[in-house]
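The same chain A turns up in both complexes below, where it pairs with chain B and then with chain C.
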Partner chain A sequence: MTTTTVSPRALRRARRRQSFARSWAAYRSQRTGMIGLVLLGAIVVLALAAPILIDESALSVTRATGERMAPPSAAYPLGTDETGRSILALTLWGSRLSLVIGLTATVVAIVIGTTVGVTSGHIGGWYGWIALRLSDWFMVLPSLVVAIALLAVLGRSMATTITVIALVSWPGTTRLVRAQTLTVQSRPYLERAKALGAGHWHQMTKHLLPNVLPLVLASATLLVPSAILMESSLAWLGLGDPSVVSWGSILNRASENGAVSAHAWWYLLPPGLAILVVVLAFMMCGRALEAVFNPRLRGGS
Partner chain B sequence: MTERSLPVDGASVEAPSTGRGRASSGFGRYLFKHVSGAAVSLLLVLFSSFFIFRLIAGDPIDQLTKERPVSAEQRAAMRAEMGLDRPLWQQFWDYITGTLTMDLGESFQYRRPIFDLIVERLPATLLLSGTGMVLAVLLGFWIGTRSGWKQGSRFDKGHVATGLVLYSAPTFWLGMIVILVFARYLGLFPVNGMRSPSTPPDFWSQAVDIGHHLVLPVLTYTAVVYAGYLMIMRSSILDELGSDYLTTARAKGLRDDEVRQRHAVPNALLPTVTLVFLALGSVVNGSIVTETVFSWPGLGTLFVNSIFYPDRPVLQALFVLFSSSTILAVLCAEILYWFIDPRIRRS
Partner chain C sequence: MNPHALMRRCFSAVAALSLAAGALAVAAPGAAAQEDDTDTLRIATNQEVDTFNPFKRRFVITYETSMMTYETLVRMSAENYEPVPGLATEWEESADGLTWTFRIREGATWSDGEPLTADDVAYTYGLLIENQAIRDWNIDFAQNLVSAEATDESTFVLTLAAPAPAEVLSREVYIVPEHIWSEYPDPAADDANQLPLVGSGPFQVTEYQTDEFIRLEANEDYWEGAPGFDEVVYDYYVETDAAVAALEAGEVDIVGNGMQGALNPAQIDALKSQEHVTTNDVQGRRYVSLTINHGTVTKDGTEFGDGHPALKDPSVRRALHMAIDKQALVDTVLDGSGTPATSLIPAIFEQWHWDGGDALVQFDLAEANRLLDEAGYARGDDGIRTMPGGGEPLNFRFYHHADNTAYATIVEFATEWWAELGIAVEAQAIEQGTLNDLAYLGEFDIAFSGWGVGPNPTEQLGMHTCAVLPTLTDGSERSSENSYCNAEFDGLHEQQKVESDPGARAELVKLQQELLYTETPVIWLYYQNVMEAYNHDRVTGMTSQPTEGGMYTGQQGFTWAYYTAQPAGSTEDGGAPMGVWIAVGAAAVAVAAAAVVFAMRRKKTADERE
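Then we have the complex of A and B:
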């Protein structure tokens, strides 16, 4: 009998593929998760295709061709805003900014949260204690109040919006990652690694991080919708970047220009429904992912 | 998680870190630990508000005198009047002692003491968010209990779906739609504000008028918030479903309703009590947005209106007020937990 020797790398890759296939099968069995995924795919395609579908000049106030605040018509399927721009064009283009801000802020928050979570769980001591206290403190503060206060003094731009949303979003991930790190830490294979002389860096990157990543993915998917909601609230309050169009900023203009008292439902519905659908799609995916990856849920049913 | 977070099916609801009780931990010790923790958090809020509004924000004189010709002497006089010419540590000390003695300074836009402004507007905020929160908790818990009890039923699926959709709607947008439909199209309720100027001044007319104005904001607020409580209660009930004590209760021959209400609900409520307090951060978030949509004369509207003036002393005072009230609410939850969960006492 010939034993085929498999290189460790190939073994690792095969294992990863296997566990990915297992997770995917578990995910696929959840109907809401699949609906969310399809919705999300459609939205991302629409956002990416925006420049092909409608030219960017449709966003220009000075080159607007429509009537002011006109109800839907053949030329403007979703009506126009107070300067005569097509609401359809605004909503389509707005998706790009809302998604970019939501995703970027989440990535920043996840990177901070995971780093602080793994290091504080692994290193512990004074550093771990301070990190835990600080994330607890951030968690208790009302996020919108902190975000408004910071934006009010930092000024309005895309970068500040992203920074501020990330700053109020990281503690949840930290707590989750820290708890998972502490669990993994006590397992025998980590002791083995330590006995073989693995340093902190090796333990954290080769053993702890791969173990917490699936949970991080699930929590990230649930962070995106709250980041998008936060961005839209801030933009609606007038704290968004004034030079770009997002769903929140469209609704900000709508309320500033009396769309509600003008009964301009076509001005209010598209951007709001867009936010709702995107948030819902992310939540459906995130909840399905969490059900796949969270060990506490997996064992139950 | 941040603004909103929903537990997933079967995810047991975690109580906040109530501390790993040590062998000899009595109530005094427990209390001391949490009170001192809250005190440090409050101090951190004061530090950070000074940091944000005095250090990052730059010179308030520049902002106040924007686009107005002001001589150097006038600027110096303004600085002296506001105490900005003094060393930073002294300004910080004045700020801390001022805040602790309720001397919050004067508002730039109203030219009145901020403390008076807050006292004047607090009742409106408490009325709106208090009513909304009570309704959201009752509704969420009521539906959540029944949803979890009959997991997978049509009732469960329908309510979870409705809750998730409302939960995904931006509060301000829902408010605008509610105004459009119920106030503009149907004309059933006033568009905004808390009272109409034409109402007679006697108590009952005023109360009815305020109640009339209250309906739409509370509706909006409850619609967005209740789903969170629904999911919390639902997953808490799901955690209890397989428990032995429920089998015992059934074996005694109790009706299904009795098993649910007398046995499952009290146990499921335990972990949710603290979550209700912990959710106070989102209560503040929600009421700021709701108040702004409906021009409700409360603290949230004051906060938002101060952004663009910019009325920095008001922003700073409200930042401290909102943040410290959530910290104190969590402290209350932790103290309450001692009395309702005997496990903490025993450990």
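Then we have the complex of A and C:
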């Protein structure tokens, strides 16, 4: 490496640190964003700590000790399900799967969306046209119906659920990223880079990508709650992997086992509220991030 | 459930939502207009109609509509499923068991007024013999028929190739009207018989709207007397919870067997607290079982499919069996509404049911482990056993029906028990259609199965004989339940089919069941109770089957319950809910008035205070 007094690398790092601090200050000034962040932190900590808080054996049906669909009591603060397992344990453990599926599906969707968005915006031409039409096509498909059809064909497992959710949620990101790519593309410094001999790869990775990433981050934070909702809806419809516990699958079991007729609210409310809280937390963070990276939205507040 | 049905479910949900709004607006005047003198028996259902053609139908819903629209020569009694006169008043078997003479009831008519004669009966049985497609659909019975003739107006003679007394008396062949059916271009078509149907039973199907309702009108000239209700309407409910709510609200009269998946224990409990509802939780005719792929073969011995080699070993199957606590499954999954199963004839058919005796397998994990140790399946480093001499681990694919929550729970239990044996399973929920395809192709290790059993044990036992093994390996021939083939079993089967002494026949049937039980090609888990409920403020006098502690829905051989059902109470039953609405309305007016008065008084006091 070069050993000049201020290396370009150090300079870059310092600049990044500065811009991060600026964004963080902007984020901190938004109260909803901070509430969302705290909520989210708490949920993630709970999900990670689930094995410490409640032993996995609480999910075992053969070792369940509770009564059948018993209302909340001291031993079972949120009541039990039809096999006598604690709803509290199920909800806590369910958070892990719901979050994992939500996050993984989002990452996959974002990777696809960003790749297609940047390349189609940058390269354009025939390729850009086709990529755009493809994303249009996916965008107009009713996502839940497509997801149901795909799951019915592909079979039910965590992997297929993630794939299916990613498949129906990437086009939004593509659109966003492509628009931003086109804006950045028209700036003079890209023309200069091109004149200096920069190839497509260099332009995309060194100039375009860093400029669209903040937007991608904000849109990702908003994609997670919709992915979690989608997973819950699919699992509730009975299309989830039945051998694992997620919030949607708890709701599915509750309704299939007559919790509605039996007025077993303790079976339906905890997973439902959990979904609500997580979605809310992600939404709050996402909106705040969007405001940070898009100064036009910040202007008002 | 297939994807098609699922899509339809979703569409119907959307349709239901959009319709609901409109329905709310018109419900009130519509309900008023409906209040005429027609007594309607409303039954909840969610099963689509496959075909109204009585020779081809396979679904429960069309079994019920066929049973009401048409009739059989011999009924199954309400008391105990014994053969009793139906359209035939008496019958006689020749000494060699090959010729049967039936005397046809005089005075029976078709719902269009034409008289029913022996010619109609001969025509119907003739279809089974001569119409190739109808014959194929009923091959197990039809292949034994030689000729069907009407010797005079009221005598029908049936000739068989081999004696089959139980088959002839219990096989439900619905007699169809020759003067209508002979006009049909293709009596074997799914849509052969156009609505309204003409039959001789107590109710005839007159109207059907997919996913909305099936309407059956009473046959006022029925030979045994007009039924109590003027019509029977099957109303479609997508969710059982919705049907339960409808029963609570008095919008439907009977919820039971018509709903696939039926009521669950929580719903029965909820309904018990309703004053106008009677719940019925009684022994049923259905078993739930685990089919084990012990090697799928064709008739000529060609093996196909890809079952795990360890499952060919009876001791592995026995260990799997021993590691299932059937009583625990009945207690948790069914909340006690069932009985642990031994073999394939449920306990409701006392005369044929085999109780296990000394051979009964007891739940014993230690003993199951010992069996596997002895057979040489050593545990690997990960605790999973492998084939003797190392090699393939004991990791079984375990398929269950995606739309059945009870099965999903059983999978969880079995997975945990079998893990104690060092056996791993890969559980997968699969749509019913796909699961059946895989099962008949032999591409599974362990899979769920279940059948509603009829009073004639031959049908169920016959699915385990060598005679029904497929000839092709494409999984299209589906008469064999699980490729079971055992010469000793087949010998017993042939004997019991022709045995006319019920006691001796029962002994043979029990021996067959014991053989199946000990060889364990299938693990029978439990016999499921029938859980049903009806509105006793609207319906009364239903005959159950069996009459002592029996079921109202899911009857066999004749529609005893719906035929004997009588409208209960006054016809002005709309008064109660109307009264409630008036009370609610009055209360609302009173509250509003009170609020106005209160507000005015507050204003007044405020005024005065100033």
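Going forward, the second predicted complex is superposed on the first by the 290 of 301 C-alpha atoms of A that agree within 3 Å, B and C clash if a C-alpha of one lies under 4 Å from a C-alpha of the other, contacts with A are read in each partner's own complex, and residues count from 1 in each chain.
We adopt the following convention: contacts are C-beta pairs under 8 Å (C-beta built on N, C-alpha and C of every residue); 3 or more make two chains touch, one makes a residue touch a chain.
In this text, all values refer to a predicted model and were calculated from it rather than measured experimentally.
When the shared chain is aligned, chain C comes close enough to touch A:E256, but chain B does not.
With both structures placed on the common chain, the touch criterion links A:L103 to neither chain B nor chain C.
After overlaying the two complexes on the shared chain, residue contacts for A:G84 are found with chain C alone; chain B is out of touch. Contact with chain C, but none with chain B, is seen for A:R68 once the two complexes are overlaid on the shared chain. After overlaying the two complexes on the shared chain, residue contacts for A:V153 are found with chain B and with chain C alike. In the superposed model, A:S169 makes contact with chain B only, not with chain C.
Comparing chain C and chain B on the residues of chain A they touch gives the larger count to B. Within the superposed three-chain model, A:G238 lies in touch with chain B and with chain C [touch as defined at top].
Legend: residue contacts after superposition of the two complexes on their common chain; A:V224 is shown touching neither chain B nor chain C.
In the superposed model, A:A291 makes contact with chain B only, not with chain C. Annotation: chain A residues 144-145, 148-149, 152-153, 237-239, 255, 260-261, 263 touch chain B in one complex and chain C in the other. On the side of chain A, the complex with chain C involves touching residues 60-64, 68-69, 82-84, 144-145, 148-149, 152-153, 155-157, 237-239, 241-243, 252-253, 255-264. Of all residues in chain B, those touching chain A in their complex are 1-6, 8-12, 17, 37, 40-41, 44-45, 49, 52-53, 56-58, 164-165, 167-174, 176-177, 179-180, 184-185, 191, 278, 280-282, 284-285, 288-289, 292-293, 303-304, 307-308, 310, 315, 318-319, 322-323, 326-327, 330.
Chain contact summary for the complex, chain A toward chain B: residues 133, 136-137, 140-146, 148-150, 152-154, 168-169, 172, 219, 222-223, 225-227, 229-230, 232-233, 236-239, 248, 251, 254-255, 260-261, 263, 265, 268-269, 271-272, 275-277, 279-280, 283-284, 287, 290-291, 294, 296-297, 300-301.
By the touch criterion stated above, chain C contacts chain A in their complex at residues 2-3, 6-7, 10, 239-241, 244-245, 263-267, 269-271, 328, 332-333, 335, 400, 402-403, 405, 408-409, 411-413, 415-417, 427-431.
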